[in-house]
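The first chain written gets the first letter, and so on, giving A, B, C and D; residue counts start at 1 in each chain.
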Amino acid sequence: MREFLLMDGYWAYVWSSWALTLAIMVWLIMAARRHHRRALLEAAQETEAPLPARAAVKELS
Amino acid sequence: MWLWFHKLGSPPHFYRTAGRLIPWFAIPAALLLVAGTLGGLVIAPADYEQGDGFRIIYVHVPSAYLAMFGYVAMAIAAAVGLIWRMKLAFAFAAACAPVGAAFTFLCLATGSLWGKPMWGVWWDWDGRMTSMLVLLFLYLGVIALRGAFDDAAKGDRAAALLAIVGVVNIPIIKFSVDWWNTLHQPATLSKLSAPSMTMDMLGWLLVMIVGHMLFFAAVVTLRLRGEVLLRERGARWIRGVDGRA
Amino acid sequence: MLELRDIAVARSERVLFDGLSLGLGPGDLATVVGPNGAGKTSLLRVVAGLSRAHAGSLQWRGRPLEPGDPVYGRERLYLGHQPGLKADLSVSENLRFLLELQGAGFDPEALETCLAPLGLGGLAHRPVRALSAGQRRRVALARMRLCGSLLWLLDEPLTNLDVDGQALVARWLDEHLAGGGLAMVASHAPLGTRHPGRRLEVALGR
Amino acid sequence: MSGMLAAALALARRDLRAALRRWGELALPLCFFVIVLTLFPLGLAPERDTLAAVGPGVLWVAALLASLLALESLFRSDMDDGSMEQLVLSPQPLALMALVKALTHWLMSGLPLVLLTPLVAQAFYLPGNAIWVLALALFLATPTLSLIGAVAAALTASLRRGAGVLGILVLPLAVPLLVFGARATDLAIQGQSAAGPLYLLAALFALAVTLAPLAIAAALRISVD
């Protein structure tokens, strides 16, 4: 076990690259969820778009 | 077939389908990443030159792969969006950019962590690392350009055009950087490139790559749902969507 | 000649109005009216080809319009809020460029006769930066008069003009229409045209 | 066809005239170029060997930054005064107009830089023949840079705060120019033939001159919309 953790003396590099990968993956997931949640919130706050007006064409002469 | 395509193209339908797809990406991704980690760190034999240090390859190479894949996917989506005026394609391009940029950064960071013990320095002006750095700048340009527009639709189109310009330039940049690198550096540092991989090492790398790809797909799909919502603000169907992500 | 079918116009992804259909033939004038924000400028920009319609189609001479259509480019004149004049160049240099850009010839004598009624008689070689807002507007009117386009798309042509200038716009519009031209004009104020031909009013907003 | 050429010439004439009446703005990037070059010896050490070693790279980076400075104004005034709308609406092919604008811009910003370089290169102790290779390489690279830069300038033309973004967009795309240009200069300093990188620079120009106008035109349509 100890040998495994030491990684031939490269433990600092190997474990930190794994930790970094994990951290960025977790951050990506959280950011994506936050992004989605915020989009939902924004979409819900937005009052429904007013129906487009109709353009009336009138013959004057 | 066409009808199916059309149906998928409608935002509410796409939104629901994407939501159902996420677990199908996320669960295999988690399984493969755990398996690949175990395989790469425990089961695969140590490299006879680099010892256990070579194991960084299991996170470095997949992220390098995703960095490039992400940009190309973004550029293809951008082209589809510009040509067929598909809002969904723009949403996809917008969802890809930050995820691809994150993996480009990760590739640089793990490359640096690998470089320190092997080269003795944190950064080396090696051809592939330098190209990756330029790729990161290209990603940042696309993200910054999209963000600079007040009108989201205009930002989408501008960023899409930039992504296409970037993808045309990538081979040229890559070529020039490699050329520059071979001139200025004797090829003594090729250590990083290929620790002669045996099959039992390579297999786990494939597992990691597929795992990363699925992870990418899951995160991009999740972001894509958000982007679709942002582009459909004020549409009636959104009222029916519940708050679960 | 100009055909709008079921046009919907959007600004920042928000649909302002939809279902606008109208056809204009030689001698026809369409005025666009409506409150601020109703989409008058947006509509004219769509018809001009600067922006895309949110939905619907546009035809000129029976052919659907694509961005950069050269025939439409020559035959359509768009006068927006910004007249497209370079402040450092003189009136005649500016007009010459704009006319050559549109493929219309440049004739210095025609320019002189056109500038005179605009009150710009002696100013042809004055740089545009030295002109007032109303005078710049008049330079744009000179271009409208000289370019020989068939379709005039005018966005608030009366802005910054005095009474004389407004009367001149009306007179030139009348002459344009009488000569078989078409015009689509967005304006808050009545134009005061007298041409007896067909007149349409596009009312935007509720 | 002749109308197209007449319009292209009219555009070039107008841009040249308008720019020459504001020659102070034209001189600004050149001043910037010279000042940046002055800063390097001050920041390093005025030893001839050091300066000769970093000279080519410094000259190239300074030229790159100076032309970046000039890019900002490429489409700005046309956007502000409405002439961009008229350009987009004109019957002339927009890609041709874009090409004319980019090359006119090069005449006023890139070419003076090329002409200035043999002079300022003296301050970096470059050998005589290398100076001419440097000037030739810049002569081949700056039009490409103007074209690439015009794409980015067109994309950011409608942005109020576009200047910061412009740098991020242009500089990564300029990497090949920097690599080949600096390499050509290096070879010349070592007394070798610089033909290889010079050909590559010419090839990049050929590529840019065919593709960039299309991208600029597309970007301008987006910006005007």
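The rule is simple: a residue touches a chain if its C-beta (ideal position, glycine included) is under 8 Å from a C-beta of that chain, and two chains touch if they have at least 3 such contacts.
Just so we're clear, the structure is a prediction, and the values are computed from it rather than from any experiment.
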TODO: Using the touch definition from the top, list the chains contacting both subunit A and subunit D.
DONE: B, C
Open item on the list: With contacts counted as defined, which of the two, B-D or B-C, has more C-beta pairs across the interface?
Closed with: B-D
Task: Whole-Å gap separating subunit B and subunit D, where each centre is the average of the chain's CA atoms - done: 32
Task: CA centroid of subunit A to CA centroid of subunit C, Å - done: 46
- [ ] Let me have the rounded angstrom distance from the C-alpha centre of subunit A over to the C-alpha centre of subunit B, please.
- [x] 14
Task: For subunit A, residues that touch 2 or more chains besides their own - done: 49
Task: Overlap residues in subunit B, where contacts from two or more other chains coincide - done: 233-234
Task: Where subunit C touches two or more other chains, by residue - done: 14
Open item on the list: Under the stated touch criterion, can you name all the chain pairs that qualify?
Closed with: A-B, A-C, B-C, B-D, C-D
TODO: Spell out the part of subunit B that touches subunit C in their complex, as residue ranges.
DONE: 150-153, 231, 233-234
Task: Contact set on subunit C toward subunit B in their complex - done: 12-14
Task: subunit B to subunit A touching residues, read off their complex - done: 37, 41-42, 46, 51-53, 55-56, 59-60, 63, 98-99, 102-103, 105-106, 109-110, 113-114, 116-117, 215, 219, 222-223, 225-227, 229-230, 232-236, 238-239, 241, 243, 245
Open item on the list: Using the touch definition from the top, list the residues of subunit C that touch subunit A in their complex.
Closed with: 7-8, 14-22, 38, 43, 196-206
Task: Residues on subunit A engaged by subunit C in the complex (per definition of touch) - done: 49, 52-61
